[in-house]
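One structure is given below, represented as structure tokens, and several questions about it will come after.
The chains carry the letters A, B, C, D, E, F and G, assigned in the order they are written, with residues numbered from 1 in each.
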Amino acid sequence: MKLKPLADRVVLKLVEAEEKTKSGIILTGSAKEKPEVAEVIEVGPGGLVDGKEVTMTVKVGDKVITSKYSGTEVKIDGEEYTIVRQSDILAIVE
Amino acid sequence: MKLKPLADRVVLKLVEAEEKTKSGIILTGSAKEKPEVAEVIEVGPGGLVDGKEVTMTVKVGDKVITSKYSGTEVKIDGEEYTIVRQSDILAIVE
Amino acid sequence: MKLKPLADRVVLKLVEAEEKTKSGIILTGSAKEKPEVAEVIEVGPGGLVDGKEVTMTVKVGDKVITSKYSGTEVKIDGEEYTIVRQSDILAIVE
Amino acid sequence: MKLKPLADRVVLKLVEAEEKTKSGIILTGSAKEKPEVAEVIEVGPGGLVDGKEVTMTVKVGDKVITSKYSGTEVKIDGEEYTIVRQSDILAIVE
Amino acid sequence: MKLKPLADRVVLKLVEAEEKTKSGIILTGSAKEKPEVAEVIEVGPGGLVDGKEVTMTVKVGDKVITSKYSGTEVKIDGEEYTIVRQSDILAIVE
Amino acid sequence: MKLKPLADRVVLKLVEAEEKTKSGIILTGSAKEKPEVAEVIEVGPGGLVDGKEVTMTVKVGDKVITSKYSGTEVKIDGEEYTIVRQSDILAIVE
Amino acid sequence: MKLKPLADRVVLKLVEAEEKTKSGIILTGSAKEKPEVAEVIEVGPGGLVDGKEVTMTVKVGDKVITSKYSGTEVKIDGEEYTIVRQSDILAIVE
């Protein structure tokens, strides 16, 4: 079973808390936006979104920081995923 | 009796809870957006919507995940349907 | 006496509850949007609406489902009508 | 003394309640928008309004139904008028 | 001392209440927008405002009716003025 | 130390209250917008701002009236400054 | 480990309070926007953002004043960073 995101959407899988501690990444969230480190699992095709051309710049496997504000959580085969728009991704962690 | 959606609208029928359990899909909803798995029953023609060209990318029979936020529920001949805009569809489940 | 809607507006007449029961259409309304089945009585000319070209796709006699959100009710010669924008019409019932 | 509306504005004069009863028009107002039958007294020149080309389609003498939502009431020489944008006019009553 | 309004702004001076009574203009204000009769004292140059071309159509000396909603009051050399955008001017009184 | 504003931003320094009294300028502020007389200290380059071309029309040394609504106050080397967008400047005082 | 911001985003590192005192910069924050002096650590590529061309004008090493309104705080390898859009940067401090 697989999620194919539409338009400028991206399927993310949160990096586990253990892994976060190992890599030294600790996130401090404000009340407004809860940032999270997540791995890109699937990337939508981009194209015309709300009348504006969107080019997808993240790719599968990227570790990204997002603001969780407009994401939707889905659980498939026991795994939890988050679907966000690419514009909700703030930065790639290298 | 049949629903023909206008513009970028799509008629969906929720996949039953039983079926969801069988396929291993369990949805966790946030307070803001209640995601749902649904089957596409009818697809609008797309075209100019609010002055912007929209191409329909979902097709009848697709299983999709939506945010229920702006959908409208209708019951016809004893069956319940939901009408959403295509932009409210987050991903196709394969 | 006759209503000639301007721009992208459409004059609707609600289909009576009796008729709804006969045809098997029962509407379940959410708190946010109250869907209704109505017949199209008059159709505006379309054209430039808020700077965007609108083509009218519904025609007189269509049975439609609308979200009542932005409609305005008017009573003329003892008959009640609702005036909506075409974009408030979700689907045509066939 | 005369009001010359700017841009896409229209000066209206409410049709008296007596006249409304005679013609058989009774308006039922929702909480959100109070519809009214009014006569067009003056019409603005249209043209570029908020960067969008507006063509005036109502003319002096038209009986119109408006949503009173954004109108402004003015009393000149003892007569009350309402100034609305043309887009606040829903339909012409013929 | 003189005010030179920028962009699509206009400097107005309220017509005194006495004068209003003489000319027979009495304004009835709704809770939302307080209409006022004022004289145009200075007119901005217009041009590109928020990316849209604006042509100034009022001129110094015009008596205008405004909605006071977004105006700013200033007192210079003992005289009170109001600065509004031209789009806040509803009509010219002739 | 010097502030170089970006895009359509302007650095202002409030004209002291004493000076205001001398020149006869007294400002009456509404609850919504507190107007202020200030001197232009630095002017941003203008150009494409939020996708729209902005030409800077104020210059260093201009005395301006602003609505303080979206300004940000900064203190550098003991002097207080306010940074606003040019569109927040209502008029130049001459 | 390194943050690569997307689109028009910029990674900032707050200048320490001690340094601020030394340089004589003291910031007074309003309730709405808390201005901060920060150093630019990483700059996104710019390009089409929400359908509008954005050119990045800040560069790594710039000291900038921002409104913290829409920033997201991240801690990597024990260092705290803030990710903002370039349009949230008010001025460069020289």
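A few remarks follow.
FYI, a residue touches a chain if its C-beta (ideal position, glycine included) is under 8 Å from a C-beta of that chain, and two chains touch if they have at least 3 such contacts.
What you are looking at is a predicted structure, and each value in this text was computed from that prediction instead of being measured.
Counting only chains that touch, the fewest steps needed to get from chain C to chain E is 2.
Counting hops only between chains that touch, chain C reaches chain F in a minimum of 3. For this pair, chain A with chain B, the centres built from the Cα atoms lie 22 Å apart. Rounded to a whole number, the gap between the C-alpha centres of chain B and chain D is 40 angstrom. Shared interface positions of chain G, i.e. residues touching 2 or more other chains, are given as 51. Listing every chain once round the ring, from chain A with chain G next, yields A, G, F, E, D, C, B. Those residues of chain C whose C-beta lies close enough to touch chain B in the complex are 23-30, 33, 35, 51-55, 57-58, 65, 67, 86-87, 89-94. Of all residues in chain E, only 1-7, 9, 11, 42, 44, 48, 50-51, 72-78, 80, 83 touch chain F in the complex they form.
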